[in-house]
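The two complexes that follow have chain A in common; it is paired with chain B in the first and with chain C in the second.
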Partner chain A sequence: MAATTADLVRARPRTAPARLWALPPVAVLALVFLYPLALVVRESLTPGAYARVLGSHAFQDALGTTVWLAAGATVGCLVLGFVLALILAFVPFPGSRAVARFIDVFLSFPSFLVTLALLFVYGTVGIANGLWTGATGDGDGPFDFLTTPWGVLLAEITYFTPFVVRPLLAAFSQVDTAQLEAASSLGAKPARVVRQVIWPEALPALAAGGSLVLVMSLNEFGIVLFTGAKGVTTLPTLVYGKAILESDYPAACVVAVVNIALSTGLYALYRGVSRRAGAHR
Partner chain B sequence: MSDRTGSGVRFDGVTVDYDGHTVLDALDLTVEPGEVMALLGPSGSGKTTALRAVAGFVRPAAGRVHVGGRDVTGLPPHRRGIGMVVQSYALFPHLRVADNVAFGLRARRTPKAETAARTAEALELTGMGAYARRHPRELSGGQQQRVAIARALAIRPDVLLLDEPLSALDAGLRSGMLAELARLHRELPHMSMLYVTHDQVEALTLADRIAVMDRARLRDCGTPQELYRSPRTEFTASFVGNANLLPVTVTAGGVSFAGRTLKVPAGQAAPGAAATLCVRPHLVGLGPGPNTLRGTLAEVQWRGATHRLTVHVGGHRMLADLRELREPPPLGAEVELHFAPDDAVLIGAIGTEAGHGRDHR
Partner chain C sequence: MLVHTARGRRTAWAVFALLFTPLFALPLLVVLAASFATNWSGALPSGPTAAHYATAVRGEPLQALATSLVTAATASLLALVVGAWAALAADALGRRGRRVLDALFVLPVAVPSVAVGLAVLVAYSQPPFLLNGTRWIVILAHTVLVTAFAHQSVGAALRRLDPAYEQAAASLGARPLHVLRRVKLPLLLPSLNAAAGLCFALSMGELSATMMLYPPDWLPLPVLVFTATDRGSLFTGSALAVVLMAATLLVLLALSRLRTRAAHR
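This part shows the complex of A and B:
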């Protein structure tokens, strides 16, 4: 009976009332997203704002820091993620399934949790420094990188690596074990099997996971604010600083527009890559 | 530990356990250099496990595996130098046909010119020379399997392992590939082949000897003729070809079955002993003759060239494959079947563990 009703609804021709249903989502989208976006763009067009901001050292430094942090985090996540996924998928060890499942849970953690954890380990009064001062009697420990860009990089790699591992594990589960066996019976050592059989299969997943990490680390706010508070400024924290701390809204909007352009461009790239990866299967 | 020159495979009490249960139980078997040995058995009989033990993908819990007189039990797969062809072809999808075939040679760091020559040679041998530039996905199943065979042959292995290589192909292609494999073996007479299959026709067609496996154990081993014409166990009789297996009692100069005395070569069986009489369905005739049995016709299957009659004789099912009948008798009719004394084989009490009442197919 239910199926019949559903069929009737589906069979009904698309008429004007059906098109009316598109209105509420479009209205909501316009109200909460497009309109504020337009406001930001309009605010950024305040005369002289672009020249002032784009010419400032603060902006150029932040842009440079943002790009190299994002690129560094992406490369780090790809390398670490590939190695981890390889071990999880192809080296059977007790508990590997539990670890793979934990990675799923990890994806749902808030980013500042990682930062907090790193603070407890490497912070000025963290475990690592505590062990050092306890052992040597020095006043300060040797680990003092958390507030530098390297600390941000470490936190971002820790937090974003699962985003690479997840698609890789999915790709590796598609790799035919018989292919790996054929390769090794033909005389290929494990390194050659990884390079010539597994690597080509992993490429689409690496591209997809890598672009995702690139976009996400470009826009990361929490980790940078938590970890690099003193010395590290990226575009998102620069927006925050200009708008909230200096009340310089035109400048904040200019930085925001640049950030938006950067990440939508990369998102377009990511979609293109993942579509090609999807077509490849 | 006798060292053999040439190649071949020797299983020496090979036992494989998986999750605490034995999937291969103390296998002793020798494949002579240049011999085609079929491992024939139903699924779960341990035949694939035996093959994987040779390739190095399973580690025996006990026993040794020798290839070419060399103990390879502890060697990793990539150091065994064995060719392997599997049911799913397992070609590398991102490599062209020629690169697939050259894979093993490159892994061995063979010089470029020689790699190219041997790749072309292997592709020629399997009739795939014209497809070198294609990708595997552009080929049919049969062509992909030829490439997989070329890839295994390119490294010039002394031993070729084939794991159900034809099971994914349809019937017509399968018989063509069987002829092809037989030709390959004639052209490469020094290569031993270990051929895993559940298909008796493939085993009978291709193998010099057949090893019959069931429930993790080797049940029988012999030439196809030996196993087909004079099976030693009921399992062999029913798995290598079709068989009527009739429970009989040995008498002086024959056997008694369902209250009738049949003339068959009794061999050394002692009168009064229980035994099983194996008669191939296609050697059973309709109508009176030597060793006539009377029964009720229960089923008629027309198979084109033949009619298969199922007849109940004294409470036992008996199959007769007859050349196409112009007018098959009606169901329920009383019919007579007969068979020549020399066409029957008496199987001793040795193999009775296979059990009565199994499906004789």
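This part shows the complex of A and C:
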């Protein structure tokens, strides 16, 4: 990587005061974040806690559910986000800018709103089932997936897709439209233009957005809690259940340590990927 | 541009509408519509009422809104001070020092919020720091969760800053603290403002760590939305959620107005 002028300018001799100035914020962080984290690790080391938790069915189920939900949500968001961003960027319509703004606003709302809305749409007495019973006269409707992992998956895909759309739109704004025009005037079909011109440009943004969604869906709590699904337990809800409902702190700390290890590992990967994506441009 | 026939374009738009409307537009509209209804078991809600809002703006819900606003404002302010300070300090360090400091301050994003809640609960329920049961434990956890975002956006703005201003000021004999106060901070003001908005919105909607920590007398609005939904009062929950969204958007709007006004000056 070539040093920019800014780097050269900043590469002045490090004086002791510069390090001293870094001390107060680091001390605050250590007190409010690193010290609590260390205590969680210490608590998880209570004799027998790891063997007890890691061997339990509740933990193994939660781990399996968490991983497949996160993987499913990531794939879903990538596919959906790519299609939406493609149309927004390259087949613009009146109001497509407003839609892009709306997606930004969507990001500033809490995740549990999506689940709350889905309860009205697909819940046992919601719109979809109401329409069905109204039309067929049956006692209850066919939509009964909200309290299953599929309901959580649908909510997570809805909530996290904007996190893929945003970097994709940024990447697509760098695509030279003249290139697209040239390709299609030479007779390339849209599918081929997408594959050969747009896809390579989208890859870094897809990788970065996808790994961010993976980390966030591993750690999602509000959506799972709001579904009220007793059958769906993920690692974060297991931490909550063990600590608050059962007051079993050593077990909660063990689950938390596993969850932290999983998500910091993936987040480090995300940082690496997005840094490379940034350098690629 | 990509699709040249009118028919192809219409197909693309139809696909977009088909995916976008039910997934993104519908949820917000549904919550909004439900907050004015008493019953919803068909295509449209029925029993129009404003009663949910009447209960949402008094007593416990109003208290919860105030709690959320105070928590979010305090946490954002603390996060801005710590995050911006760390970003500025990192900027003055060498390349390696900056890396270490950035990694340290970004760590809370990677740690699940529930785990942050648990960690704060464990650490501040035992001596020497007893904060459990007070409002400060909630504010502390929110600060931890949003500081990373403040640090990241101020750090990104610092890297885009033209070093010429700082050099010019320094070459004219301005002391570092003076440069910071009169040159750097004013230039960073727009990104500090944006960071404040981000932190505020995140803290307003925070549920995971809050659920682990909240004492009975410091109940933020998202917790109330959850308890209402959990006991089956979906319509009341919707009204509370709309109040939460509206309050968040109003503050974000005010912050962005402030930003554009400062830019015009």
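Criterion: the second predicted complex is superposed on the first by the 261 of 281 C-alpha atoms of A that agree within 3 Å, B and C clash if a C-alpha of one lies under 4 Å from a C-alpha of the other, contacts with A are read in each partner's own complex, and residues count from 1 in each chain.
Note that in this section a contact is a pair of C-beta atoms (placed from the backbone, for glycine too) under 8 Å apart; a residue touches a chain by one contact, two chains touch by 3 or more.
If you're wondering where the values come from, they're calculated on a predicted model, not measured in any experiment.
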First, second, both or neither for A:Arg192, with chain B first and chain C second: first
Partner chain in contact with A:Pro200 - chain B first, chain C second, else both or neither: first
Most chain A residues touched (candidates chain B, chain C): C
First, second, both or neither for A:Phe109, with chain B first and chain C second: second
Contacts of A:Asp176 with chain B and chain C, given as first, second, both or neither: first
Contacts of A:Pro36 with chain B and chain C, given as first, second, both or neither: second
Chain B versus chain C as contact partner of A:Ser184, first or second or both or neither: both
First (chain B), second (chain C), both or neither touched by A:Ala22: second
Intersection of chain A interface sets (partners chain B, chain C): 181, 184
Residue ranges of chain C in contact with chain A within the complex: 1-4, 8-9, 12-13, 15-16, 19-20, 23-28, 30-31, 34, 40-43, 82-83, 85-86, 88-95, 97, 101, 104-116, 118-124, 140, 143-144, 147, 159, 163, 167, 198, 201-202, 204-208, 211-212, 222, 225-226, 229-230, 234, 237-238, 241, 244-245, 248-249, 252
Chain B contact footprint on chain A (complex, rising order): 176, 178-179, 181-189, 192, 196-197, 200-201
Residues on chain A engaged by chain C in the complex (per definition of touch): 5-7, 9-11, 14, 18-19, 21-22, 24-26, 28-29, 32-33, 35-37, 39-40, 43, 80, 83-84, 86-88, 90-93, 99, 102-103, 105-106, 108-114, 116-121, 123, 125-127, 129-131, 133-134, 157-158, 161-162, 177, 180-181, 184, 190, 193-194, 198, 215, 218-219, 221-222, 225-226, 228, 235-237, 239-240, 243-244, 249, 252-253, 256, 259-260, 263-264, 267-268, 271
Residue numbers on chain B that touch chain A, as the complex places them: 55-57, 76-84, 86, 88, 90-92, 94-95, 103-104, 107-108, 148, 151-152, 155, 161
